[in-house]
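Each of the next two complexes has chain A plus one more chain, namely chain B in the first and chain C in the second.
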Partner chain A sequence: MRRYDSSEVGGPDILDVEVAASPRAGALARLRTRAALGLEPALAPAVVFVPLGVLLGPLVLGIVSEEVLAHLDTVVSIALAALGVFVGVAVDLRDRTSRRTLVAASVEALVTIAVVLGAALILFAAWGLRLDANPWSVALILGISASASSAGAVDDGAAGADRAAAAIANLDDVLPLLLGGVALAWGAGQPPLWAVVSAVHTVLLGAGVAAAGWLLFERAHGAAERAVFVVGTVVLLGGVAAYLALSPMLAGLAAGVFWTSAPGRAEKVIRDDLGKIQHALVVLLLVTAGASLVWTPIALWLFAPFVVFRLAGKLIGGSLAAWLVPHVAPADLGSHLIAPGVLGLAFALNFQQVAPSATAAAVLAAATAGSLACEVLGVWARPRPARG
Partner chain B sequence: MEPTSPPGPARPGRETRLLALTVVVSALVLLALSRFRFPEGSPRVAPTPPAALALEQLAARATYDELAAIVAQLQAQLARSVVALPVEDGAAAAAQQMPARPGFVPGLRVAADRALALLPRGARLQGPAAAAAVIDTVHRLAVLPVAADAEALRWGGEAGDPALGPRYVIAVEGGRAGAAFRPVFLPRADAAHDPHWGGEVLVLGGAVQVQPGALLFTLRGRFLGLAIADHGYPAIVPTETLMRASAALLAGQAPAPVDLGIEVQPLDDALARAANVRRGLLVTAVHPNGPAAGRLQFSDVIQASDGQPVDSEEALLAAARRARPDQPLRLTVARRGDTREVALLPVRGPVPSTPGEPGLELRALASGGAEVVRVFPSSPAARAGLRPGDVVVHAGDQRTATPSQIRRAFAEAPAGGAILLAIDRGGTWIALALVKE
Partner chain C sequence: MGRAAAVALVFLVMVWVRRAAPEGAETRGAALALGFALIAAAVTGALFERARLPRISGYLLFGLACGPYVADLISRPMARSLQLVNGLAIALIAFVAGLEMNLLRLRPQWRAILRLGGVTLAFVYAVIFAVLWAAWPLLPIWPEATGLPRLAVSALATTVVVSFSPTVTIAVIAESRARGRLTSLVLALVVITDLALILLFTLAMQFARWALGGTAAEEVALGARLAWEILGSFAFGAIVGAAFAVYLRLVGRELTVVLLAVCGLLSVLGDRLHFEPLLAALAAGLVVENVAPPSGDALKDAVERGALPVLILFFAAAGASMHVDALATVGLVALAVSAVRMAAVRAGVALGSRAAGLSPPLSRLVWMGLVSQAGVTLGLTILVAAEFADWGATLQTLMVALIALHELIGPILFRTALARAGEIGRMDAPEEAAPA
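Here is the complex of A and B:
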């Protein structure tokens, strides 16, 4: 039986195991719920659920109408906070290899952000685009949306390179989420210095709520009570961050890091209990992103550069990380990281929530369509699976 | 034993090939895409986002009654600090070939007996005070006398916010019944330098519906600035920039007119492609007696003035006006792929025409008469109202006059005299007097 690496976002999933073991798996195996987390390269969840969102959304069937979308805002914030928590609990800096992995992941993410940001700024100036937000903040948000990646799940038989790439993919969202806290506030109209202060507030908020939740669930009298505390804490994280127009993902990241470094097995508790609702939240996030899509000329113009420069950034960043931290990052790291997973479009959706505007809608549409295109490219460019 | 071939150079790995291919493709994509310009007018505001829906729901609540109460309170507070000034919208009327329509613009009482207003393009002030108005034709600002029945609004010394977050402001617009107050939501406003105004303006994001010329106040009644249309997009000229731009007017002096002796036209997409330049002002005519004669020519594109990009005639004239009388204006000019610096000393007042010359270019028509090809600014022909495309069919006593006969008739006229021209303008015959100075 396949045993999944427990450090992957979301942890082992009973449904996946059941479906994969079924003799009639076939097409069903491609729709495994693990794919909903962007961990399965064969068919990423975004490829299924984003088009489903478009179909259900106001542009086609209107089942997920604008009114429904308005009501879903808070739930989406909670889903974003849960994603942040999963990134946070993957940050374990207790041994040297983990720290080196974080360095390699951050280098790779930073290069991708820089490549997309630079290209976007050059193109904005050349196109004479009149954006209704600061072009630097828009370019930074595009870069952050492009920097997320998903290397896929690894099992016991996976090669060392696959395992290393998966570990880096787990951690390459940490730096973008930190920058994202600043970029969101900046994109929403705050001056850069205040945007940094706002990100610090978000981290403090996340750590504070995490501390309160930790005190509660560590003293829970049973598994059910503990699960209620955990879910309640994440709901509080997402709700408070959304109310204060802060980044729920950064608040979740701060909470996740707090729980990882807290005494005891807090991060394992979180993985176990949050794992029960994560799939539903991620699917909701993707369907909402699909239903919120609005196609504008700016979005169409941004789509191709997003895909091309994201690809370039991933490959250059992967090579640089492999050169800087050769013991941790495989030489073909970039090819492993082309599939974007769900965090990039989640971040673009968050920007649309915090600062709704034509530009934010264009960024969301470009990031979503770009993510779908990159999923396809990821299947093509991914190194052949090797067994080690 | 068979000889073995020596090993060839190691083939680059798959990752290296992919990296090289991607970098090359990225560079090509960047080069190719940066040659395009985003079509003007295409950026659309997204359909109502979920947040706007929540706002609509809010609008049904009593909160909006409170906003209405604030507007009523401000109206009472500011009613005598703003006035509605009658204007005649000549430009719009000419465009629609209709009689000029009366309209109203809001004026800000800057002194007990004077008001400042922004005139719409082509509009003329009406009413008894119009003759006494001091007008800045570059910024289209006017200061004119009004009934002294209130104190001036204290608008100096209260600097507006450099950037406004999402907030409501009060827009005051002109109307037949007087100045009208209404709340306007500003999603965002970002400060940007505007060469036309010579300072910072606040560019408004989102679909803000506010008339150019509207006076904007905070909900506490503080004057924020003047609404303008910046290349068709709404913007605010904040207090400080407005005070600087209107300083001479407020001192009672109409800024001296300046002239560079050129006619310019903003580039549209087709012209930009033809001129192989992305932005700037295309020189369409050069006055033979002006400072640009021999230095600029038709098809030159003026890209910047003293290092600041210019994309409108008003911005160029504003820069010329700001230059010291003895200091030439440094223009960055693109000509057939080359970029050069041209120094021009602006002329204070209109460029004088050559004595004895009517100031127009004509071409003889085979059917008789002469067609006006070009009219030089500030020339007798321009003052007479001649336009390119007019056909001169009579000049004085001469029927179906040729270009040389028209020039001769003008040269022979005594100083201060005039020759009568019959013009065929689009099938309508009109008479014009070409006055010799």
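Here is the complex of A and C:
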């Protein structure tokens, strides 16, 4: 098994990567691997678990019925908060290189958002699509869903370009999650100014819960009690945001940043304890997204522009961001960032939760199918890893 | 100080969020209730442990204090959503009980357990039946009933009043990490007597149906249903337990997640197939412990990691759903019935201990493990209320008050007994260190 040093959504035990399974390994040894258990899939997890969700969902087998989906809402909020936390603990502003990488990642994300947003607005008008929400907020949500990326894992021997791409992919979710806090409230019908206030409210609540959790798990007696406090804190983050119809991912991001900046070993505690349930949460999130898919004409219309303009945004954004980071050629960075990971469709699922409507369902369907298409494109377009 | 500040902060956030709640927020309160309960109940439980009280009493009291009947930080819909974890918790608790029942170790005690259980159950049943019959006109159940109906309803009410709580017993054992002779004796006693009580309940229900002129179910159908529920539960649990044992041997990874998934399966699938999840999970644990015992500490660690949050949520939910209003209306009668039950249990155990040849201090401590009442009692009460709407509802009010009392007193008494027997914390000691 390779050793990973990327922290893309959850540290070394990554869901967003291929597993280097030895072809010589016997059947039993394969069974022992996390990949065989579905805990560390050999493909990007979305490619496996979203179709599984569609299969189990109300449209096909009906095992995950509408009633079950309603119950899963609770778990989805918690999983979203956990994803936000993992993005937050990757934000380390203590050294200059990290700050520079964050700026480059934000530039790349912003360009992707702008390209998809602009294209969506033009197409909404050109096609005369009838949306039951503000077109600007819908376009912004599509842009944010498109902006996430996953560069996969890098090991100790990876080349500088791979490392730089992984670092950008780790951090290009920060700005979208911040904007997402505003976009969700706006998409749910709040005026833009109140939407900004909602996002600030989310950050403050996230930081408050994080402070309480930090005080508790730094003083826990034993591993079991510490795990209860860590899980309880993340569940509370998701719960607070879901209860107030805010963004659990933004609350999680605020908490993650708090823990990274706080003295002590909070960040490591979170990575270790949350890492144990991360896989289960991500799998549930993806299965729920798959089971929640409803195909409408609007979703079909949105799918192709989502893929095409996301691709364009990533390539343009990547080449701009590459000027800010060393070791990577401008033409290469974008192609490293085509695979979207889980955050984009998680954000679309969150929009569907907060403001359920035909448009939200269409955005979820387009973002989910678009993410799957981009995963496949990503495998094809990603430059072969160079050894450094 | 740090913990106090943290809990104060969590309460502050909770109050703020509840006040700022937009329209329709109540339907989205499950995760909020889960997170709040996990953190605040865990701290309350730790405080109780410091005061040498059971942690689960702390969880219960937290639920009660923050629940809809007192502070209302956890509203009624939120309390209901907390109960989502109940099925999983009961299965996990019973699975842990099965893991603690090593039949080889228990073999020398079987005769004593059966004698003790038989005598205790017969005595407690007889005393409570006599008291209920004699005091019937004073009880707020169906005072005007006379003759055969009074006999039938008294018999049915007695069965419900006598029942014990395997769930609470096992939870106290699990959270206090107890192991030893008293632990295994009480555990086996509670499980066996509750099985006998479920059978007695079925007979008493039939008698009540016949005596009150209702339509009695066919004996054959009833027998088949009972056999399916009890034998089928054991068979289903044994199959799941065997599969889990195979997983432990061949794979042995991600045990906490897999253990919780197995308990979820036992609960959800068992419920759908009309099995008793408690019995099924007990059988699964028995199979794992007695047929394919795991080597190393991996399963023990997984149980410890998985059990703590589940126990916290289960008992916090129980506390939040505790009907203190029932205590207010029938509190005095409930107190009297509770006193009679406790006295009868104590005397019954004394008699049973003599018959089983148990010597002090064990014979003086066993009764303290038989006071708790919870899920099984409530389940039986609900069945009665569903069938006999008029007097069943008043019996339910009385029973809910009794459960509230015994849920609070029972764990404290049992933990005290375990402490006196010196068995607390011995689960972590090597096998040979536990008293034989």
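General observations
As a working rule, the second predicted complex is superposed on the first by the 346 of 388 C-alpha atoms of A that agree within 3 Å, B and C clash if a C-alpha of one lies under 4 Å from a C-alpha of the other, contacts with A are read in each partner's own complex, and residues count from 1 in each chain.
Quick note on the criterion: contacts are C-beta pairs under 8 Å (C-beta built on N, C-alpha and C of every residue); 3 or more make two chains touch, one makes a residue touch a chain.
This structure is a prediction, so every number in the text was calculated from the model and none was measured.
Bringing the complexes onto one copy of chain A puts chain B beside chain C with no clash. By the touch criterion stated above, A:I298 is placed in contact with chain B alone, chain C being left untouched. Contact with neither chain B nor chain C is seen for A:W194 once the two complexes are overlaid on the shared chain. Residue contacts after overlaying the shared chain place A:F309 against chain B, while chain C stays out of touching range. When both complexes are overlaid on chain A, the residue A:D73 reaches chain B and chain C alike. In the superposition on chain A, A:S319 makes contact with chain B only, while chain C stays out of contact range.
Contact with chain B, but none with chain C, is seen for A:D332 once the two complexes are overlaid on the shared chain.
Panel annotation: after superposition on the shared chain A, the angle at the CA centre of chain A between chain B and chain C (CA centres) reads 100 degrees, nearest 10. Look at A:G128: by the touch rule set out above, it reaches chain B but stays clear of chain C.
Once both structures are fitted on chain A, no C-alpha atom of chain B lies closer than 7 Å to one of chain C. Annotation: chain A residues 73 touch chain B in one complex and chain C in the other. Note for the complex: chain A touches chain B at residues 58, 66-67, 69-70, 72-73, 115, 119, 122-123, 126-134, 189, 191, 292, 294, 296-298, 301, 304-305, 308-309, 311-312, 315-316, 318-319, 331-332, 334-335, 352-353, 356-358, 361-362, 381, 383. Chain A contributes residues 28, 31-32, 34, 37, 39, 71, 73-74, 77-78, 205, 208-209, 211-213, 215-216, 218-219, 221, 223-225, 227-229, 231-240, 242-245, 276-277, 279-280 to its touches with chain C in the complex. Across the interface of their complex, chain A is touched by residues 2-3, 5-7, 9-10, 12-13, 16-17, 20-22, 25, 28-36, 38-39, 42-43, 46, 81, 84, 250-254, 256-257, 304-305, 308-309, 312 of chain C. The touching residues of chain B, when paired with chain A in their complex, are 13-15, 18-19, 22-23, 25-26, 29-30, 33-39, 42-54, 163, 165-166, 187-188, 190, 205-206, 233, 278-279.
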